[in-house]
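Each of the next two complexes has subunit A plus one other chain: subunit B in the first, subunit C in the second.
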Partner chain A sequence: MSPSEQYSVRIKDVALLAAFALFLSTIEYVIPKPVPYMRIGLANLSVLIGLTYLNLKEYALLAVLKVLGQGIVHGTLFSYIFLLSAAGSFASALVMLLIYRTASRRISLIGISAAGAFASNLAQILLAGVMLFGSAAWLIAPPFLAAGLIASVVLGIFAEKFSRESLWLKKRRGAAA
Partner chain B sequence: MKMIGKPADAAVIAGIVVFIVLISFQVYANRGEASQVRIDAQGEQWIYSLDADQRVMIPGPLGDTEVVIKDGQVHIPDSPCRNKICVTSGLIHRVGQWLICLPNDVFIRVEGEVPRDQEVDDVAF
Partner chain C sequence: MKEQRNLPLISGLLMLPALVFQQNLLFLGLQTLFLVMLQPILGKRIRVLPNLIMLSTITALNLVQPYGRVLAEPLGFPVTVGALELGMRRSFMLISLIYLSKFMVIGSPRFPGRLGEMLSLQFSYYQGFLSTPVSLRPSQIIRSLDQLLLSLEASDGTVHVSRLPKRVLMFCAASPVLIWVCFAAGSLQ
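Let's turn to the complex of A and B:
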């Protein structure tokens, strides 16, 4: 495959994963949650999948598209909530990338997903503390972090299984390599 | 069931659990009898006694959030927000419990013993 053909394959995969994130954001938006600022992080699934075969630039692009997509779907694009969401997504994407690049032999997508959700929630709590509530933001930290941990481990198990067994993903990786 | 994780997964998850437990102790540790209500709104702070029944209006960007202290319990009967999550949060009375109206930027918290540098502000209403 020529470089330009390869580029076109890869950029399509980024677009596909971003569309997937948008779709999952919509699903997440529809699921009722006990408190509105609690998130399951379904859209993180596409970032986890992307992590396993995209290069740095494509991965960053995917993260940006995911954040924008979520802002549009949740209708928060031009509010302070978007800042929280963006900070969370980028913190999580960065932590997951660092762990994957340095320790993917010892850690699966399950641990990476948990660490990513933790980073996302921590970033949001810190930012909420700075922007809105001061140290009182820590009051919601325990249930917020605990819910995030449970949701992220479940998503991580799914992502790990999917990443190992999906024939579709195997084909995509082959096409992108 | 076949194990699908790798060894460091458990370490990461355990680390996060330990962090959550530690932060819970930090945040929810019993700090004495519930005795006062602290209200933060738009950078201002009010402190009311939990023992004196009263109704206060806290100004926010959308209007006044109504806060009622009665029989040692606090609740928000009405607030000019859309979702009324603060209203449906119900009554709070234990140290560390909180009520929050995000849209109207009102934050209410039950606190324990009175810090030395703060007197109970019972002047309003």
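Let's turn to the complex of A and C:
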């Protein structure tokens, strides 16, 4: 395979993972939640998967496509919600990348997922405080962070299992090596 | 076709300043109501409960920081005019921008440049995900998602866009006029 063909395959991979994130966020959208504003963060699964084999540029592109795609599909692209989503996603993607690059031998995808969710929720609470709730944003912080932690640990366990069992991922990693 | 699918986006961009710079709470409420009511006309459902939750929680949390004249003191907690107005303004703004945003992307707009191409490819795969049945049973979910990724990887990636209905085009023209009339009326008061 020539370098340009390889590049084209990798770009298609990023688009496929970004579409996977959209699909997962659509599934999340229809799941009833006990607490308003609670998010499970299913779409983060594709970012966790991408983390394990994409290079830095492709990983950044995946994060951008995930945020833009979700904004378009859920119709929030031109609202505050988009800014909250973007802040959360980028904070989470950055923290997960830093942990994966520095400590992936000591920390599993479960820990990385939990750290990403914490960063995402913290960024969203800070921004929501500035834009919507004022200082009262800290009143919703404890349940918001606790729910995020539980959901991210479950997602991390799933990501670990998917990472071990997925034939598609094995194929992609083989192509990337 | 390409220009037509971008019309709701352009129309929405024209409406955006009239919402963001609206100073009058009553007219901001009317603009919000108009954008919400636009949804069923465009064939979309309105979900009342999430809007009510947003309106009530954002307003209630803003009441925690009292300022201005005290309206009432239920259980010793001061409900002030300033905090109530700010809370309502923020929630109207959020709800109106969400519905404006939904309106703007109704035609699956095409964005320019390489990023636009990437988004088109992403949506092509997304259509594939949605049109393929997936088992969400816990015992099969990983295998099922894996199969889906393998099958979509082999697909070509073409986007299918349908024509916008005439009523959508009509509202693309009429909505900015109505929203700006509300802005002007709010500014005059």
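The rule is simple: the second predicted complex is superposed on the first by the 175 of 177 C-alpha atoms of A that agree within 3 Å, B and C clash if a C-alpha of one lies under 4 Å from a C-alpha of the other, contacts with A are read in each partner's own complex, and residues count from 1 in each chain.
Here is the rule we go by: contacts are C-beta pairs under 8 Å (C-beta built on N, C-alpha and C of every residue); 3 or more make two chains touch, one makes a residue touch a chain.
From a predicted model like this one, the values you see are computed outputs, not experimental measurements.
A.B. asks: Taking subunit A as the common reference, can subunit B and subunit C both be placed on it without clashing, or not? Answer clash or fit.
C.D. replies: They clash.
A.B. asks: Return the chain, subunit B or subunit C, that is in touch with more residues of subunit A.
C.D. replies: Here the partner covering more residues of subunit A is C.
A.B. asks: Could you say whether A:L61 touches subunit B, subunit C, both of them, or neither, answering first, second, both or neither?
C.D. replies: After superposing on A, A:L61 lies in contact with subunit C but is clear of subunit B.
A.B. asks: Check the residue A:K161 against both partner chains and state whether it touches subunit B (first), subunit C (second), both, or neither.
C.D. replies: Both subunit B and subunit C are touched by A:K161.
A.B. asks: For A:V153, decide between first (touching subunit B), second (touching subunit C), both and neither.
C.D. replies: Touch status of A:V153: first partner only.
A.B. asks: Taking the superposition as given, does A:L139 touch the first partner, subunit B, the second, subunit C, both, or neither?
C.D. replies: In the superposed model, A:L139 contacts both subunit B and subunit C.
A.B. asks: Let me test your reading of the model: by the given contact rule, A:F118 touches which partner, first (subunit B), second (subunit C), both or neither?
C.D. replies: After superposition on chain A, A:F118 lies in contact with subunit B alone.
A.B. asks: Check whether A:T76 is in contact with subunit B, with subunit C, with both or with neither, and answer first, second, both or neither.
C.D. replies: It touches subunit C, and subunit B stays clear.
A.B. asks: Applying the document's definition of touch, where does A:L16 land relative to subunit B and subunit C: first, second, both, or neither?
C.D. replies: second
A.B. asks: Same subunit A residues contacting subunit B and subunit C, which ones?
C.D. replies: Looking at subunit A, the two contact sets intersect at 36-37, 132-134, 136, 139, 161.
A.B. asks: Can you tell me which positions in subunit B touch subunit A when the two form their complex?
C.D. replies: 4-13, 16-17, 19-20, 23-24, 26-28, 40, 83, 85, 96, 98, 102, 105, 107, 109
A.B. asks: Mind listing the subunit C positions that touch subunit A in their complex?
C.D. replies: Those in contact with subunit A are residues 12, 16, 50, 53, 57-58, 61-62, 64-65, 90-91, 93-94, 97-105, 108-109, 115, 118-119, 121-126, 128-130, 136, 142-143, 145-146, 149-150, 152-153, 157.
A.B. asks: Once bound in the complex, which stretches of subunit A touch subunit B?
C.D. replies: By the definition above, subunit A touches subunit B via 35-37, 103, 105-108, 110-111, 114-115, 118, 132-134, 136, 138-139, 141-142, 145-146, 149, 153, 156-157, 160-161, 164.
A.B. asks: Write out the stretch or stretches of subunit A touching subunit C in their complex.
C.D. replies: Per the stated touch rule, the residues are 11-16, 18-20, 22-23, 26-27, 36-37, 61, 64-65, 68-69, 71-73, 75-82, 131-137, 139-140, 158, 161-162, 165-169, 171.
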